[in-house]
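Let me give you the structure first, and then I'll get to my questions.
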Amino acid sequence: MITRYESPIVEVVCRVIVPFVQVFALYVITHGHYGPGGGFQGGVILAASFLLLRLCLGGELAHQKLPPRLAIALGAFGVLLYGLTGLVPMMAGGQYLDYGHLPIPGVSGAELRYVGILIVEIGIAFGVLGIMVGIFDNLVERQS
Amino acid sequence: MKWLSLFILGLVMALLIYAETDLPDRGDPEAPANQHVSPLYLERTVEDTHTPNAVTSVLADYRGYDTLGETVVIFTAGIACVLILMRRRSDDNQIRKPNS
Amino acid sequence: MIWQIDFYLLVILIITAVVALEIRDLLASVALLTGYSFFMALLFAQMGSVDVAFTEAALGAGVTGVFLVCALFFLERRSAD
Amino acid sequence: MTYLPILIPVPLLLFAFIGTLAGLWRRSLAYGAALLGTAISLGVATAGLVVVLSEGNLHHFLGGWDPPWGIEYVLDPLSAFMAMLVTFIGLVVLIYSRQSLLHELPERVVPLYVLKLLLLAGLTGIAVTGDLFNLYVFLEIASLAAYALMAVGGRQSAMAAFRYVVLGTIGGTFYLLGVGFIYFSTGTLNMADAAQRLPALYESRAIMAAVAFIVLGLGLKMALFPLHVWLPDAYTYAPSAVAGLIAPIMTKVFAYALVRMFLTVFQPDYFRVTLPVTDIIGWLSAAGIVIASILAIAQRDLRRMLAYSSVAQVAYIGLGIGLANPLGMIGALLHILNHAFMKACLFLIAGGIRFRTGLVDIPLFAGFGRLMPWTMAAFTMAALSMVGIPPACGFFSKWYLVLAGLDAGNWVFVAVILISSLLNAVYFFRVLEQVYIRPLREGVAEEQVREPPAEMLAPILVLAAGIIILGIINVVIVTQVLYPVTEPLR
Amino acid sequence: MILEAFTDRYVYFMTVALLIIGLYGMLGKRNLLKKLIGMIVFQTAVFLFFIEGATKFFIENGTKLRGSVPVIDPQLGTDPALYVNPLPHVLILTAIVVSVATTGVALALLLTIHRGYQSLDEKVILERMRQ
């Protein structure tokens, strides 16, 4: 169990920084189409923001923001989102992971592939976020 | 043991240097790796996927299944950590009394 | 072209790798490893693969470092070799 | 129809995620998810084998991109055969493992089932993929799941698993390096495409190094003789339901990957004539069969004896690959199948005995034959098969290997197979003697020595029956499935 | 001329050196955490080998220029010769994640081993294991 770090400076800086880190992570996830970045990097940065919270505020407070069980569930949900995004086009007559056959009204062709990539990146980001936080929790919390 | 690992290291090093003298020149635009598959990704990424970043489009679309595998690898590692570090009631290797 | 940047980065990489493996204090070793990952990220960026550099900086130098230091907190800090 | 290849690993993956989510809510649901996923996958693999045998190979282009640009899944008779074997053994061991895990590790059943599904998904992915790098990804999924599964048997198993992590990572990274050499020389990652472009580059030193690294890497993963150092400890200390799953199929799938490299990616003559790869594998395996069999005789612990016997049996497969003629390849592939059944049966029996009595040392098993008649009958069946007594399936793969040795004029290999059969007989009849002839030991409570519960006994008996059935129908398997596979060798 | 050959190949040799250092750490070091660090160095060296292979040079006005980042720039157009090869980057992204995953599992194992044996020295652990 990590204990809270008894320093107001650390706590205030952490509380101020974390929202900006998270916003930057969202930017990285969605901007992956046009520049460096994408699901992995954004997910890792999101995870890093939660790790920072856990390190600075201690277990009890930080677990309110993201409980350990929810982290694992989020990881499973993210990967499941990816897997199902692959499976849905097969029902519509395409191949596995063929975003061109995603049943989303209003978009088609290259636009549809763009949307498909975005969905997949979000799935990756959730997966990486959840699992990284989960690994950290297990490494730290389970020690007797 | 020390000598064996040194021998292995020497062997691997010799093999690598032997092989790398025969790879295509560094950065040669005529090299097979730059001629065969990858040019098409760069030419068609905008047209096919509206994504200027070729790495993203290859990662998530052309070779999307690898990325699914990669996410599964991360997932596996997470579940593996849960499994390994879960505290057990009976400590260590003691086999509990057979149930009867 | 500036091949010297690659060269200096590679020399730094080799030095950090060797020192990280040889130093007896494991915390210093882990710190050097994160430094190694960071220089590796710089080298990747210099070679034109920004995505990989980004990932290496976030995963290799960031999260792996946190994991290693946190694990080291429960382990012993000295190493025999 | 072209959906069949992808539908083999995907149910396993999806049910792994669903099992995690369901298991967080209610623990017992994970078992149902595991069972359902494996059953679906087994059904698809069976259908795939039937379709492939009647209609020819199936190709699935993932993401709708044509092969050299996208990833391709190929279902040919060999890969369908492997996928079916993996999922079948997986299903049988899963049924067995419910009681066993509730007894050994009741708190951790959810991650255990999820990791078993992921392990099976990784192995089936290796079986059906047609892409060099995709093979690496699935190899790592299977390896990571196996590291974790092997580590939960106590503190010795954690250390054994750590050594496996170190050596396994060297193996995986060497494979990746080999793929890198191939990619930079040919520009492609697709197996079929690489096979077309490689013959022009056979003189290249980079390709030779690629072969060396790929064979080294896969050899480390499949525990080919001098690279087997991680295996005995890992199998000995793993929980019995895990050893029963990993021992029969894990090393075999990597052997299959090596066969695929040998037959599909490179032309067989490259391994046989240009580079002496098969000769090296063959002679090392021949040494490994004898040494590992002798080491198996020296063990007291039944699980450790089976682990060394696994090293020897993997070396049989290596011997078949090393002979590099059609009969040898048939022998090796048939041995993959037979050994999976035999070793699964033996490890499950070892787990069953441990479940009831907590004993693992062979001398303490004295007199069990009377008290556990069905289990010991199955053990006798598997032991006879390992030795190579005709009605059981183990005889036939050895028969093909001997024929192949005679065909190649390699008398040493023939002698090694015959000698090793004797050694197998020594270490198995030692157990049988204790079990059937000696009286019950003092200190072993007689009322504890009973048949394991029906849920554990049924898989053992199914596998024991499978040994006989495979022995009877081996002609069908060889002519229908394996004989066409060896076409490139002829 | 020698300098030319050197600048052409030296990165490969440096990569080989890194790879050997990592392999030495994995095989030669007794401390388990050192083995893990050697593993990371070893894997990263292989990544460097791939990224190195992805670079592309092109000649413009007689000078040798390095290919640009593989993000299609409307001003440069879609001529593949101007950009570095994106495929190895994708492979290495996957491989980096695999490496981090392996590190996580290995660390979990290390904590379990330390809980069981109170040591990280391979020799000590193997002695206590045989008892």
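Residue numbering begins at 1 within each chain, and the chains themselves are lettered A, B, C, D and E in the order written.
Basically, a residue touches a chain if its C-beta (ideal position, glycine included) is under 8 Å from a C-beta of that chain, and two chains touch if they have at least 3 such contacts.
Everything quoted here is computed from the prediction, not taken from an experiment.
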Most central chain, Cα average position: B
Of all other chains, the one whose Cα centre sits farthest from chain E: D
Comparison of C-E and D-E by number of C-beta pairs in contact, larger one: C-E
Interchain centroid distance [CA atoms averaged], chain B/chain D, Å: 22
Whole-Å gap between the CA centroids of chain A and chain D: 36
Residues of chain E whose C-beta touches two or more other chains: 11, 23-24, 52-55, 57, 66-67, 69-71, 87-89, 91, 93-94, 97-98, 100-102, 104-105, 107-112, 115-116
Residue list for chain C, restricted to those that touch at least two other chains: 49-51, 55, 59, 63, 67, 71, 74
Residue numbers of chain B (touch at least two other chains): 16, 20-21, 23, 33-34, 37-38, 41, 52-53, 55-56, 59, 61, 63-70, 72-82, 84-87, 92
Partner chain C, residues of chain E touching it in the complex: 7, 10-11, 14, 17-18, 21-22, 24-25, 29-31, 33-34, 37-38, 40-41, 44, 47-48, 51-52, 54-55, 57, 63-71, 84, 88-89, 92-93, 96-97, 99-100, 103-104, 107, 110-111, 114, 119-121
Residues of chain A touching chain E in the complex: 34-36, 40, 135, 138-139, 143-144
Parts of chain B lying in touch with chain A, wherever the complex brings them together: 47-53, 55-57, 59-61, 64-65, 67-68, 71-72, 74-75, 77-79, 81-82, 85-87
Residues of chain B that touch chain E when the two form their complex: 2, 5-6, 8-9, 12-13, 16-17, 20-21, 23, 25-29, 33-34, 37-39, 41-43, 45-46, 52-55, 58-59, 63, 66-67, 69-70, 73-74, 76-78, 80-81, 84-85, 92
Interface residues, chain A side, partner chain D - complex: 69, 72-73, 76-77, 79-80, 83-84, 86-87, 90, 94-101
